[in-house]
């Protein structure tokens, strides 16, 4: 994918200058097609130039890199300089996510669109706090409403999620391990469930003629 | 001022990488002395490197330039690419608000005047980016400073905000929906079991609390 | 006593996470484990949650009920009928499927977290536009009506931040299983030794309390303090004091309480041994 060092031929200086200037002001990854439109150049050409530029930055050992994520291109600091950059970026972009938030993020990412209740069912506990946190961080968003009673909100992941994960699109998410392919383990019932049930079903032993005092209770 | 083309000798690759990474993320011009401190390099050396970098960008015809303004250094788009950048800004995404920015705007609107920290506390994540974006779009502005240690800036909404919402003044903001539509808090436990529990915990069952004692419970 | 327990309350994310941790602690493979094996440990942790005044969330109790049922089935003597009860098996399969599902997403979440950390070194440029460019930006279109903004504000203001540890289910406890046992025992005494489950739990105001009472009932049944009668599945449960007990005297209640107490103590003793070994 990355072009070899040879930078000259396909990188028109004017195109490079325009691309670099625009990349400096984008606030989210910008699609090659958008750049092509603004620059009135074929998308192919823009893409080729972006790839050449990406390779050039790497070859030159620059402090910034050009990445293609979330369906677009954007400038990032080179991780090699992270130690210095941290001093100037007061707040980490999303801090550290709690385990609850990560679980919830995974469920939303792989099952989207999904309702809050469905997330809670998988987690076994309420997911409100975690979803709220992910909403606030811009990693998930409301994507619609389910056509069912109460019309619960459906959630999905955002472009920022893809960007943070370094993914071009959701198709690049690592496949989930298939847990259902394994057979269920045995649950040895030494006593036998049927036997247990039968005892429950058996008529009450003795004392069946409890006094009618029961009425007083309620 | 600008060094001649000769770029090699005085620009240590590691120093250049660190400087470029930092320059990519700083929002305000950053002083050479600050960079020197963080990088643990003499200020002279940093200044020389910055000047060399500035010259390098010019020589290479990059789309960005390094300028020394207001006692610091910052990256700017190259004026030679202004036409493209302007077209991108005008035709770019028409200032759609992110969910994070919208939530922050709602908080500022209903809780103004409010500090950045207070907004962050309510949202549970850092609000700097969202406030910056709202400031840049003219929807919120600084309205004063809190009379507390550090005198943090207080933010409020702008006239443009009212105009965008079609409101004459803040008094026309829709009242907050009643919070009772949220899940009810848990009900108190049924009367009696606490008392009963105490009896269970009581040391010796005196034997006297037979059926007659039970009547007291209800 | 709780300190000897390695699974600290609050260090797991929910009932399935707790199950996974218990399975791991016993060095059992998730595909080999008989869930009933970890019933005691699970109940001990849930009881601790109650003592720490954490809400014993409904889902913890639902899982507890399934585990208890599995365990009860294992403890009962084998009779000539080797078939498994369909409902119990179904409950087991469902629980197990949910556990595996949860495990899948827990692992996926960890992978996402690893990836986030690995990529944290890439910081995007996110710098305000130069003033002359900012002026060119088209005016923002607010995507909401005033009423919509109010809704957003209400939601965000009511929510508050996510707690550091996941205690989002932290609420005042309604009723522990121990307390529920008192409700059942005393209700039964007052009723003269026979009452329906509905009558015994008429004072319960929340589903969690009902579940707690049901667990207490199962425990009393296990301890042979009560008998339970049900004509058919989903029919009314009728509870009676165990055969031969005279409910009109205090002795039966005291005996039941004593049995509960020693059972709890025994459970804790077992847990200590398990945790130590």
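A, B and C label the chains in the order they appear, each numbered from 1.
The rule is simple: a contact is a pair of C-beta atoms (placed from the backbone, for glycine too) under 8 Å apart; a residue touches a chain by one contact, two chains touch by 3 or more.
This is a predicted model, so every value here is computed, not measured.
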Sorted by label, the chains bordering both subunit A and subunit C are B
Averaging each chain's C-alpha atoms to get its centre, pick out the one most distant from subunit B. C
Nearest-to-centre chain - CA centroid comparison: A
What pair of chains has the most C-beta pairs in contact? A-C
Round to the nearest whole Å and give the separation of the Cα centres of subunit A and subunit C. 28
Intercentroid distance (Cα basis), subunit B paired with subunit A, Å: 21
How many angstrom lie between the CA centroids of subunit B and subunit C, rounded to a whole number? 37
Where subunit C touches two or more other chains at once, by residue number: 123, 125-126, 129-130, 133, 159, 161-162, 190
Multi-partner residues of subunit B (at least 2 other chains): 21, 24-26, 76-77, 85, 89, 92, 103, 123-125, 218
Touch list for subunit A against partner subunit B, complex: 13, 16-27, 30, 34-35, 37-39, 61-64, 75-78, 80-82, 84-85, 87-91, 94-95, 132-133, 135-138, 141-142, 158, 217
Give every residue of subunit C touching subunit B within the complex, in rising order. 55, 123, 125-130, 133-134, 136-147, 149-154, 156-162, 171-172, 174-175, 178-180, 182-183, 186, 189-190, 203-206, 209, 248-251, 254, 257
State the interface residues of subunit B toward subunit C in the complex, per the touch definition above. 21, 24-27, 76-77, 85-86, 89-90, 92, 94-97, 102-103, 105-107, 109-111, 121-125, 129, 132, 135-139, 160, 164-167, 172-177, 179, 182, 185-194, 196-197, 199-200, 205, 207-211, 213-215, 217-218
Contact set on subunit C toward subunit A in their complex: 13-17, 30-36, 57, 59, 63, 69-70, 72-79, 81-85, 87-89, 92-93, 96-98, 100-113, 115-116, 119-126, 129-130, 133, 159, 161-166, 168-169, 187, 190-196, 199-200, 202, 227-232, 238, 240-241, 243-245, 247
